[in-house]
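Note that chain A is present in both complexes that follow, paired respectively with chain B and with chain C.
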Partner chain A sequence: MNSKALALYQKDFHSEMRTRYAVNSLAMFVIVAVSVILFSIGNETITQSLTAGLFWVVIFFSAMSGLSRAFVSEEERGTTLALQLVAAPSTIFSGKLLFNLILVFCMNVVITVLYSALFDSFAVKNFALFAVSFFFGNAGLAIASTIIAAIISKAGAKGTLYPVLSFPILLPLILTSVQLTLMSFEGSTFLDAKFELAIIICYDIIMLTASYMLFDFVWKD
Partner chain B sequence: MAWKIFLFILLTFVCVAGIAFPIVPVPTKWYEFPFIPGLKENAKIIFFHVPTAWLSVIAFLMSTIYSFKYLKNKNLDDDAKSYAAAQLGIIFCVLATVTGAVWAKFAWGSYWSWDPRQTSIFALLLIYGAWFALRSSIESEEKRAALSSVYSIIAFVTVPFFVFIMPRIMKGLHPGSADDTNSGPVVDFKMNANMELVFFLSLIGFTILYFWMWNIGYKSIIYKDKINKQIRG
Partner chain C sequence: MSNYSLQVNNISKFFGRRLIFKDLSFEINNSGVLGVSGANGSGKSTLVKIIAGINSPSSGKIIHLNKQAEIIPEKLHHYIGFVSPYLVLYEEFSAWENLNYFAKIRGIKFNTEKISYLLEKFLLMPRKDDLIKTYSSGMKQRLKFAFALMHNPDLIILDEPTSNLDVAGKDAVYQIIEEESRTNIVIIASNEESDLSLCEKEIKLENFKPI
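After this line comes the complex of A and B, so read on.
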């Protein structure tokens, strides 16, 4: 992470603040998704395992609706060539990853607050475990979606292909995160969850390494 | 030519032996398989289902190796090899899913029960599907080869999570799961020597068959590209 990556992040941040396109559409998407789930549940009380699953369903689809913007917007505005001239591929990836990480964290904090306010079964007993798994889950989500977004921006069909390509890549992360969220509801200790935590941390490290190594080939035409 | 005849004899033997050899409580003759509690006659699927599942992973591995090679050398022939491997891989993956589901109907009572193995083969199917969807969305040959190579490698690094880690830490119904006590873990075979022999012969036979099909497949893709270029240029 160097100053150029930070500058790229600031550029994205400012252009986002000017239109607030991604933030607004993401916020609306989250509200719509949560309310659809609330309507479909009605007056039923749902189990904690179902709540943990639904929590990650909303996170996955919200991420899919917002995170592809990072690279697709550069392609749409035709600024890819300029970026290729001013910075090394790994720098570009760092900047975009930083932006997506912050976007994912803000989005998921909002989703968590909404869930804990609206669902009685969303009761976290072991908050430290929830926070740690939330952190690593979000990091993995941001890393994998950033590299897939880079692939998508270079491919022809942009909108529909993104969730299709991301889902198999994110599946181990989502399955483990659902388990971890459920464990934090049940009040499991860190020792109980050590396998799941190990999987999720391995996933983050493997994805980060692979993304940095492969981004060069996606970025250069 | 000789190896083709050898392969024919090998696969014929495997098919006949796998289907026709009887399962008895105490095997005495060379052609009798042992009775495995919990699997019964259903155990015979191992001669056909395991090779297809094995090949769907091998095909994916080869597809990724040739993707690696493509990114290194930028030779479109490597992309054709990777594509041919993936084409065969999806066929074997579907075969493994279907044979497994039919077997599950008789062994577990339902076609699909989200056992960790079923989840992982489903994820592998999704990866193959996404990979072909990505390839079909890109016009330019070089771009298609580069992007699909990158996706193939990224997908491949997640495969160990599905194939090796999850089925072993999650409890499941499949023989070889973490809590499997009666029907024999994959690592520790409960088959007798002749059953193991037929099983490994089947694995070898299907693997040779795969490499033969792959060889024909990638050559036909390369020739098709050449002819297309000559017609256009």
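After this line comes the complex of A and C, so read on.
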């Protein structure tokens, strides 16, 4: 991550503070989704496996509502050409990825805090395992969402295409993250979770490498 | 005078099955003004976008040379300044903020003197801190020249440079073209007689090929 990518992140952050393209939709989605789940559960006690699943469902759909903005907003405003004229594709991808990473981490910290406060079954016994799976899960989500956003920004029907294209790509990540979250609830050790951790780390590495290789072709017409 | 050369070798462009132009070749070295003209839809903008590395040709090759060394596509943006009506800057930022961010993203020092000179030249200095969304289309067009020239490019590509400009804006553009063409290569894609009168050479695109 070089200073040019960091400058692009700063530009995006400053732009987001002025336009609220992504933050508002993310915040509204998180609040609405968690409230609906809470009201539908009522006084019922839900299992830990269901809690882990619902936790990642909210994360997945929140990501779908906000992360595509990184590239879609540039395309919609017509500023893509200006970016193409000032930086190499790898710089653009790095800057956008950094923005999405920070956005995803902030969003998911809020979701985690809300779940911890509102759901009794959200009780983490192995916090280190939860933190590691949370980190790699979020990183994978940000990487995959960024490259998918770059692809769909060039297409029509962006809003529909984004979750449709993301679902099969993110499915291995979401399933593994749900499993790891459940294991952290049950107090499993890192040794017990080594297979799932290997999957999630490999997913992140493969997705990051493939994204940088693919982005050149996506970015240039 | 710069040591920059542009070689366009037999390039053709298709959009799907539709031919835009074919077998286009020319070369321009060191400095001067090259004009590209042709009817609407003849491929002027497509050609300048291909030269700028934004689009790819369907066949043929474009070689950019700096001091006889070929420039790799990832570094091409350091050498090119581009102005066009379809270039859009960030409306939520002021002119000064836009140029500051673009300098940082380019990885160059924000040269306050140079930026001030360009903004003065294009009569934007008093409005430099206003958001671009409050600018008229002519002011936005003038700001694009500051965006294109802030990094001292060797190849300046101007696609319809005087669109939306008033007389004062056009005069500023013609002065800049004259200044820059002494040391750099300027390519103008336009149908305006007054724009093309500045060109030393002209490529006319007609019936899918240069004439």
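Simple rule for what comes next: the second predicted complex is superposed on the first by the 220 of 221 C-alpha atoms of A that agree within 3 Å, B and C clash if a C-alpha of one lies under 4 Å from a C-alpha of the other, contacts with A are read in each partner's own complex, and residues count from 1 in each chain.
The rule we apply is simple: a residue touches a chain if its C-beta (ideal position, glycine included) is under 8 Å from a C-beta of that chain, and two chains touch if they have at least 3 such contacts.
Everything quoted here is computed from the prediction, not taken from an experiment.
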Field: Combined model on chain A where chain B meets chain C, clash or fit
entry: fit
- request: Classify the contacts of A:Ala155 with the two partner chains as first (chain B alone), second (chain C alone), both, or neither.
  value: first
Message: Which partner chains sit in contact with A:Ser211 here, chain B, chain C, both or neither? Use first/second/both/neither.
response: first
Task: Determine, under the contact definition given at the top, whether A:Cys106 touches first (chain B), second (chain C), both, or neither.
output: neither
- prompt: Who does A:Ile31 touch here: chain B (first), chain C (second), both, or neither?
  reply: neither
Message: Once chain A of both complexes is superposed, is A:Ala131 in touch with chain B (first), chain C (second), both, or neither?
response: neither
Message: Quick check on the superposed pair: does A:Thr79 touch chain B, chain C, both, or neither? Answer first, second, both or neither.
response: second
- request: After the superposition, pull out the minimum Cα separation from chain B to chain C in whole angstrom, please.
  value: 5
- request: Across the two complexes, find the residues of chain A that touch chain B and also touch chain C.
  value: 221
- prompt: What does chain B use to touch chain A in their complex?
  reply: 71, 119, 123, 126-127, 129-130, 133-134, 137-139, 143, 146-147, 149-151, 153-155, 157-158, 161-162, 165-166, 169
Statement: The residues of chain A that touch chain C in their complex are 2-4, 7-8, 10-11, 14-15, 18-19, 77-79, 81-91, 95, 220-221
Field: Of chain C, residues touching chain A in the complex
entry: 49, 52-56, 74-75, 77, 80, 82, 84, 86-93, 97, 101-102, 104-107, 147
Query: Within the complex, which stretch of chain A touches chain B?
result: 144, 147-148, 151, 154-157, 161, 164-165, 167-169, 171-172, 175, 195, 199, 203, 206-207, 210-211, 214, 217-218, 221
